[in-house]
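The two complexes that follow have chain A in common; it is paired with chain B in the first and with chain C in the second.
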Partner chain A sequence: MTTTIVLQQAINGVVLGSLYVLVALGLTLIYGVLVQINFAHADFVTLGAFAAYFFMHLVGGGYILSIGVAFAVGAALGWLINASIFTPLRRKGNELLPLIATIGVSVMMQNLMLAWFGPIPYAFETQYSSEVLRFAGIFVSWQSIIIIAVSSLTIALLYAFMKFTFLGKALRAVSQDRETAGLMGINPNQLIMLTFVIASALAGMGGAMLAPVLVLTPFAGTSVIVKAFAIVIIGGFGNVEGTILAGLIVGLIESYTTQYLDPGLIDIVVFALLLLMLAIKPTGLISERREENV
Partner chain B sequence: MSDPALAQQMPGQRAALRSRWLGYLLAVIAIILLPLIFTDTYWRTNLTVCAINVLLAIGLDFILGYTGQLNLGHSAFYGLGAYVSTLLIVKLGIPFWLAFVAGVGFAGIAGIFLSLFAVRLRGHYLAIASLGFAVIVHQILLNWISLTQGPLGIYGIAPPPALVIAGTVIADFRNLAAFFYLVAGFAFLSYILLSQLVRSPIGETLTAIREDEVSAASLGINGAAWKVFAFGVGSAVAGAAGCFYASFVGTLVPDAFFVSEAFNILAMVIVGGMGTLIGPVFGAILLTVLPEVLRGLGDLRLVVYGAALTFVVLFMPGGLAQAARVVREKLGLRRSA
Partner chain C sequence: MNTAFRTLFVSAAAVGLLAIGSTAQAQDKTIKIGALFPMSGPGSYFGAQDKQGVELALEQLNKTGVNGYKFAVQYEDSSCGPLPATQAAKRLIEQFKPDVIIGEECSDATLAVMPIVEQAKVPLLNAGSSSIKVTEPGNPWTFRIMPNEVMQGINLAENAAKRMKAQTAVLLFENTNAGIGNAQVFKENFTKLGGKVLAEIGFGRDVNDFTSIATRVAGLGKVDVIPTYTLEGQGLKITQALAQAGVTKGGGGNAIQIGTIWLPFGFEQKAGKAALGYIRIVQFDPTDSRDVAKNFAQAFKAKYNADPTHLNAHAYDQIMLIADVVKRGGKDAQSIRDGLAATKSYSGVTGSVEFDKTNQNIKMDTIHYMETKPDMSWTSLKWN
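What follows is the complex of A and B.
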């Protein structure tokens, strides 16, 4: 009986963890290339969730297609906000200002959504939530299977893109050393835009899949993003493999804390782990060598 | 006085000193007059909220603007000051001012603790560590229900006891104007203290650390110790703001100290002009009053607030302090030196 519970929670943890990975990967990519923390990332998650919701309820589209819509909406908005706000700011060359701008953009987006969608939580249900597979006493909903399939496929594609394509290599080059990459003929501005669009699209997509789990209000993304920040640090800022590992760990911590301790303790456990990591190994689970210029 | 350069410098310094005292005098007059001009409950309440936010903003600016430590968890120290002082009063019956000192001390020690831990972390790591600290404090307040009553909150917190000298009531803090004088007076004294600290050799040491910690270390400055010191002072000031907040509002719920509050305080510092103490004072006032003035816009008011914040960062990166400097130079009020 207990092994069933342990296994059941392991599956729940992996489902949740793979969604956290999608959100955290965007943050870590942006950090890697821009050395910038993006607080507006949370709102791309929320917006993706709403885009999927309205695509299903107003247009009458299917759930799987709505994940694609959320991906596209995230990408489009990521492009718009980067082009209109963050690119002009970066030219000023101060590292704190873009951070504050992301807070400003976040306040703006949250309250625009509040004005449009209202504060009452939306019930996001799909036909896959109630269809359950059962084997050896363990329940897995089709929803969970879709989440694991879509997110692992996306993560694998992203990983292959980063490792094997020219653009992906250029992206990693820029995140290792922007100036030298520029000398090699790589245009950092185009890559920054690409990173931003990819990151926002992943967040939108993550939102569409997180929506059934979350209480869908204009502020839904905030609870996710706080964990995503913890994941990014635990995994090592800017490190893709570390982020994937840390995301799954945090998902598992969440499901086991809910089972054996108390759901209210989730954030405390996650952030205690974060502070512990910072105390013992601030470079993260998988550390990359990064030179610091003095 | 044989050195001509020095001789030239002296009158300039004297003028600076004179204008500083003039500034203090104007501030005192403004503090006295404000509750006499705004007599309705609504604006008098906002005045006190302004004063509390000024305390928060100058405390954070001391940490951020003078030692460059990116603290994203200022709401934690605010909340610790509020809860520690209130719990001491409500649960143990400790007199207000003793609980106040305890709340301030606790917040300061928590700041020192976090800073000691984070001092070897740089930039964004400290940012996330302090954010994480704020999340943990908020979650503890929310979940330690036997102590804090969690989301239900603590109600009916009494204002500070009336100031009585020789049997005469000097100030009864149930009166909104009296409460404003108390908080604004405290904020004013904190401002003077911090600005004296900033002008002293300690302030120069802090600036040296902010600008280039490695070079400062080569001059024998222990950067870590001074950063911890600044963090402690800034958090203690936030703790004081928390004590005042609790006794002013009379109700404490954990969500008042959610991380978004830390972002609000940070916005006040940035909009005002980081690294100047006077800027964040006006940043705090502006960002407290602005959402109130925009109330007529309903749901859109915070959209405008967010847009204004982004706009300031885009077009006025030095904040109000920079804008004031530009205006003064345009008007030719500033000597070309």
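What follows is the complex of A and C.
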């Protein structure tokens, strides 16, 4: 029984960690390229969740396709907000302005969603939510299997994009030195836009993955964003590999703290780890020089 | 200025003064009600449904008025939390100057507001906070219609042990005054009746995934009942996770989730088959055959084209009880407070109201039990 529980909680932790990674990756990408924290990231997650929900319930689409819809909605919104708000503010040369604007965008999006979708929690059920695979005392819902599969695929594709494509290499060049990259013929503004679009698309997709797990309300994203920030700091701000590792560690900490200590202590354990990391290894789990991030 | 013009001027001025006077009199004949409801955050479903109940009551009352008084409500978002509730209460008292305040839903928010209304000497009529601290040891300015956590907890523990023959329980609760208080009252009374509590699992409102908690419950052996104290959103996820882990009836297990007044109607439909067998206390029984309950349900359906929830019902009751006090002579904060305190056997939609010396409603007919059936409908258990 004990081994079964240990294994079951490991699976629970990996599923939860995979969800956190999807949300945290967007945050870390934006920080890596722009050295900017996006406080509106949680609301892109929420909007992605609602996009998937309404695609399924109004259009009648399937869940897997709804993940793609949430990805596209996130990407489109990321482009729109970066083009209309963040880019003009960035041109003013004051780095504080776009940072503050992300807070404004967050509050605005939350309240718009509250006005449109109302405060009553939505039940986001998919055909995979209640179907459970049981073997040797272990249970895993098909929803959890989809979460792990989609997260793994996304991480692999993102890694391949960064390492092997021209645009990915250009993004890394901009993150290392924006001015020098510009001198080499790379347009930093286009790549910043690309970063925003990718990060927002990931957030939207994360929303579609989280929605059947989370309580879907206009504030759904905010409930995971604090953990996502902690994961980004533990993993090393701007470090993709570190973020993935930290996400999985936090997921496992949550499930084992629930089993052997108390769920009420989860935040204490996670944020104690964060403080510990800041004190002894402020560069994050996987040390890289700042300019090699992303 | 000739005499005719002077006469005309004086007459016009007199008419003007009379008009101003009658407007002032009309304004004075309004009972101002401040409403502290959560309109944002995870408890915002409370506010949305409360407002529907209030608006229905106002529509009915303001057609004719009561003792020459009309009723006006000012809503403030108190967000189910102590800090926003405190700020909202101060705003209400300083700017709107209400004769009476209704709300909040969450105990932590209500407890934070109580010293402010006491200082301002404005009565607070609460219908949704269960913490015993709201009325114990007693506050002359705070009244509660809802049965408190002790009244509900003793009743639930007795029914679990005697009617459901439960011997073991696992307590799941949010780490708030109400969550912890409800769980402790159940534990104390269930163990007195010979039951055994296998685990007490508290969690914050930011917990998203309950699979790990369900896994832990599944590892505890035979569990008969799982008293659960959370808001609707987390409640849905707990119910589904317990079913996935094969713990509760909805997932093929034997355990039954039970609870006090936390969840709105419609919860079962959202939770799906995972909610099978869930037994919980609700504050309003739509099958109640009393005229007051039937008329309310019909009027609500006519206005909103939906069946009322217990939140709609208790908000409606708050306004109607204030109207009853006004009918008995209440006209300002002090007289409304005194009228509330003197309330005897008022018959509301949720049940009867009679306050004890701590201003707690002592009537137990406000406790109604419902059970979720296999088709996700529910049945009234008539246990009280």
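Quick note on the criterion: the second predicted complex is superposed on the first by the 289 of 294 C-alpha atoms of A that agree within 3 Å, B and C clash if a C-alpha of one lies under 4 Å from a C-alpha of the other, contacts with A are read in each partner's own complex, and residues count from 1 in each chain.
Going forward, a contact is a pair of C-beta atoms (placed from the backbone, for glycine too) under 8 Å apart; a residue touches a chain by one contact, two chains touch by 3 or more.
Here the structure is a predicted model, which means the values were calculated and not measured.
Placing chain B and chain C on a common chain A by superposition gives a clash between them. Once the two complexes are laid over each other on the shared chain, residue contacts for A:E254 go to chain C alone; chain B is not touched. Look at A:I100: by the touch rule set out above, it reaches chain B but stays clear of chain C. Look at A:D262: by the touch rule set out above, it reaches both chain B and chain C.
Of the two partner chains placed by the overlay, neither chain B nor chain C lies in contact with A:L245.
With both structures placed on the common chain, the touch criterion links A:A228 to neither chain B nor chain C.
With both structures placed on the common chain, the touch criterion links A:A49 to neither chain B nor chain C. When the two complexes are overlaid on their common chain A, residue A:Y31 makes contact with chain B while staying clear of chain C.
Touch criterion met: A:L114 reaches chain B and chain C at once. Of the two partner chains placed by the overlay, only chain B lies in contact with A:F237; chain C stays clear of it.
With chain A as the common frame, the single stretch of chain B that clashes into chain C is 153-161; none of the other options in 153-161, 189-197 or 297-305 do.
Chain A residues 114, 226, 262, 264, 267 lie at the interface with chain B in one structure and with chain C in the other.
Across the complex, chain C is touched by residues 1, 5, 8-9, 12-13, 15-16, 19, 114, 118-121, 123, 125, 129-130, 132, 134, 139, 141, 144, 210, 213-215, 217, 219, 223-224, 226, 254-255, 258-259, 262-264, 266-267 of chain A.
Chain contact summary for the complex, chain C toward chain A: residues 39-42, 44-45, 47-49, 175, 201-204, 206-209, 211-213, 215-216, 219, 232-234, 236-237, 240, 243-246, 251, 269-274. Of all the residues in chain B, the ones that touch chain A in their complex are 70, 117-118, 120-121, 123-125, 127-129, 131-133, 135-136, 139-140, 142-143, 214, 259-260, 263, 266-267, 270, 274, 298-303, 305-311, 313-314, 317.
Within the complex formed with chain B, the chain A residues making contact are 31, 35, 37, 39, 85, 88-89, 92, 94-101, 103-112, 114-115, 222, 226, 229-230, 232-233, 237, 262, 264-265, 267-268, 271-272, 274-275, 278-279, 282, 294.
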